[in-house]
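Here chain A shows up in two complexes: once beside chain B, once beside chain C.
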Partner chain A sequence: MEDTDLTFWRAAVYGSLGLICFLGLWEISIRLHLVDPFFLPPPSQIITRAIRMTTGTDAVLLSDIRISASRVLTGFFLSVLAGVPFGLVMGVSSVVRATLNPIISIIRPLPALSWIPLSMLWLGIDEQQKYAIVFMGCFASILVYTTDATMRVDPVLRRAARNLGASDFQVLRYVILPGALPDLLSGLKVVLAIAWTCVISAEMVGANSGLGFRIWTAKEWSDTGQVLVGMISISVTVLILDIAFRGLERLLLPWQRKVSGT
Partner chain B sequence: MKYILIVFVVVLTIGIAGCKDELSKHETASVHEVTAVGSQWYGHIPVWCGMEKKIFEKHGFHVKWHFIGKSMDRLNAISSGEAQFASIGEIAMLSAMAQGNKRFYWVGNQDIAPGFEGLVAAKGIASFEQLKGKKIGFPFGSSVDLTCRMLLKQNGLDPLKDVQLVNLEVGDVPAVFKAGNIAAALIWEPGFSQLKAVDGATVLGLDTDTDVYKKFGTMTGPDVLIIGKAWTDSDPERAANFMRAYFESLRWVKENTDDAVKMVAGNYILQDIELIQENMAKFIWHDIDAQKRVMSDTGIFGQADYVVRILHEDMGVIPKKPDFMQWVNMEILPFEN
Partner chain C sequence: MALIQLDNVSKVFSSRKVDVEAVRGFSLSIRKGEVVTLVGASGCGKTTVLNMVAGFIAPTSGKVFLEGEPVSRVEPRCGMIFQSYALFPWLTVRENVEFGPKVNGISRKTRKDLARNYIEMVGLTGFADSYPGELSGGMRQRVALCRALANKPDILLCDEPFAALDAMTRQVMQQELLNIVSRSGQTVFFITHSIDEALILSDRVVVMSARPGQVKAVYDIDLSRPRKIDVQLTDEYLKIKRKIWDLVEEEVKASMNM
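For the complex of A and B:
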């Protein structure tokens, strides 16, 4: 059987149907008492709850999303600012790479959660601590993605540019950076999603706002409905950021747009 | 031929392993495994001593102990069916009831320990008035949550407007307070002693200063005993036997406090033995004879009614006032008359 590409609208229709079926089955399974609503509240209850948390007297959802998103973006951009230049240098210099690799190998496997006790002691429980958790969770990954993307740039292109008299900076600016950009942006997209897991961990302790705080507090009061509203809010926000990132990708990589024909 | 031999050996090995497993099941058929969950809090001492003194084993139970720091997490472990027995804070239990969790029974109130938690302010803060605009850290959804809000209100501060409340993990509270990241903190023992020991710290209020204590003589969120509903319903006699073993252990703790302290110090509670002894002297244990008195409208039920109203109407943290009597099951308690 041959699988053909679907148009955008057709894919959207199939996607919506899939989602409606999923939500319908979920709702029915609870209404038929197959699942205890305390463990998994039905979608109708979650939607009502989300509306109440957005428009009612306890309208905290939008401000929580804004606060968490700003923490994610701040920590993420700081790690991009530090990780990308370092990664580029590591990608082009085997000496720097050999020197820094052991340190990166130690930092990279550490989950963001493991930085919480130390970050609380070093930075307290204010915003800097949340940024630091996101930064530590993203930095090593960005560094590795950038190094790999840089190393994947065709060495023939670099040599050609040099033979044509390009300086080191010109090779970096006109050959390496554009060559590494597609892989780098794909990597950053993955890391942006990781940044959300970091901020949720950071907000679970020592916080009084944000989606992680809201989810954790709901857990303390056994409020599974609010936990799910928080979780869905994260998914929707990440989805929106992902779409925005794709737009940025299209803007920065016009040649890819032409190749893919989109 | 070689392959047939290999297959034969594999089948034989699996068969022997299966028989061995079946054999061990029969050997332990008379011993019931129970998973009990708890923290470092003194309220769990009867379980620890029951395990150490083999009281549970005498009644046919092998109790496995799992550390879970927060009451709501313990309650969730019971709800999932992975654990069967726990002592938790009353606030978490009432919240779960309000959310419709019907997977557990409320079977007792094993102790009262007033004065074991309070609001401790950092150096330079000597009054509630000085807390205005400052951060106060504690684990949300616990007894200290209620203690904090009640103390602030009683002293003219609005918990939502005049101060910033910060959610902290139980174990993080002393370290965050010591590091100077919050102006005040609340936690129960053993963390409470650590807060008081910080240089210049002042105790601004205890749970005994709250209206709950003044009206009912209990902490804001007393210890309660819960047991898995499915586990109990599947064999009520087994559950009753377990409660018999638990209260036997509690009685031993009550009658042999010094030995109990020696048993738990360093093993289950990481505090100096002198401090544990001092605290235990203030601890009041409710043995099986006391359960009818404390589990009554003039006892903890009246207090729970009052607390539920605060949680629902004043704090708005629970969606409705649960009829907690639906969860009470005293039929499995081993009353002698």
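For the complex of A and C:
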């Protein structure tokens, strides 16, 4: 039998079923004493815990989410601001590409975590250090994604634009940039997830706020409930950002939606 | 003075392993208002000739002149129509047509009127705000035609623009191009491997040899204008078609080592 795509609502029904079964099995396995709630608290307990962390006197969860998200977004925007123009130039100029490639090849394989010691020595543990970690984790990837996206723009379109009288700058602005945008945006979506990894790691090592910090301190107190609330908060926040990003994509690429819609 | 003058032009493409001589000693001049078609077997260097006129590639030796001036860079006065349409997929039909005037600093209002006129001329008014991805091949090529014309080129270069279209659409497009040419006196340099297409469009047909491409023969086409499709049934048409076909056949066989 051929597998066909489901409508949105049908997919949502199946998805909810899967989720309910998963949470149900989790809850039951603890109620039946198959798993020690100290190691893995049941969903019901996590929910009450989350409610306490958002409404009680020590309501830190929302501010932690806000702090982590703003670190992620600030660092991410800084690296986009620096990486995209550089990547565009690298994409169109083989000289610039050849010059910068060795440097990027050295920086790119470094995990963001490996920048933590240096960044702490340079910047301490305040906000700049978090932005720096995100920047180091994202910049090289953005550069490479942008360069690749730029180089995939159909050369005949560049030719057509120059034939119509466009200058080098106009080709870059009106042809290369919009032509590279679809690939660029899907690359940036991947990098945004990397940015989260960077912030959470940085917060675990040296911070006094944010989701990473909250999870790490909970571990010190063997507070598995708080660890799980923190982890789920990361998932939910990333999901919401991803939806926002998709909205941005639809806004910036109306021509792609129209084409796939017909 | 000729509008376009190719003077003993040759082109060799060099790669690390081999040198390919695409065009050798090619000379041709095109007068203002003329429609000249270059026919030849595939791989004979037709497109290379066109790309040299447009300034996309430089000749290895010889020179291309536009109104007496050597062509040394991409030349906006030579409007190109590509076989693959080369429309900007992120721009609407209207924005595609306005692209040339826009980058050349024409005011918003003027280019809007310009685009409207051209889009109306090819019957796409209802599609002005559509994206190229929503159009059929024939419609896309009409947009490409508008886009080139809106830039008011001195000469229209056509690189097998109708080759990817089905036979019926192709005929319609040929008629449309003929109408535009007869109305505006647009100079056209057209490349095709279809002898019928060459005969229906041209004042002159240049037959190109197999690679390295040289001018093999030039025919003046005196068939009366306006030409309709039924011109293909006249004796005069069949006679000249036979002559050109014999020449082209020789070259096709030569290029296939038969």
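We take it that the second predicted complex is superposed on the first by the 261 of 262 C-alpha atoms of A that agree within 3 Å, B and C clash if a C-alpha of one lies under 4 Å from a C-alpha of the other, contacts with A are read in each partner's own complex, and residues count from 1 in each chain.
Here is the rule we go by: a residue touches a chain if its C-beta (ideal position, glycine included) is under 8 Å from a C-beta of that chain, and two chains touch if they have at least 3 such contacts.
Keep in mind the model is a prediction, meaning the values are calculated, not measured.
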* Quick one: classify A:His33 as touching chain B (first), chain C (second), both or neither. => neither
*Scan A:Leu157 for contacts with chain B and chain C and give back first, second, both or neither.*
second
Taking the superposition as given, does A:Trp216 touch the first partner, chain B, the second, chain C, both, or neither? first
Touched partner set for A:Ser167, first chain B, second chain C, both or neither: second
Taking the superposition as given, does A:Val175 touch the first partner, chain B, the second, chain C, both, or neither?
second
The residues of chain C that touch chain A in their complex are 54, 56, 74-76, 78-80, 82, 84, 86-91, 99-100, 103-104, 130-131, 133-134, 147-148, 151
In their shared complex, chain B is touched by residues of chain A numbered 36-39, 58, 117, 120-121, 124-126, 204-208, 213, 216-217, 219-224
Listed in rising order, chain B residues that touch chain A in their complex are 70, 72, 75-76, 79, 92, 95-96, 98-103, 135, 137, 139-142, 164-169, 172, 175-176, 179-182, 316-319
Per the touch rule, the chain A residues reaching chain C in their complex are 154, 156-157, 159-167, 170, 174-175, 178-179, 181, 253-255, 258-259, 262
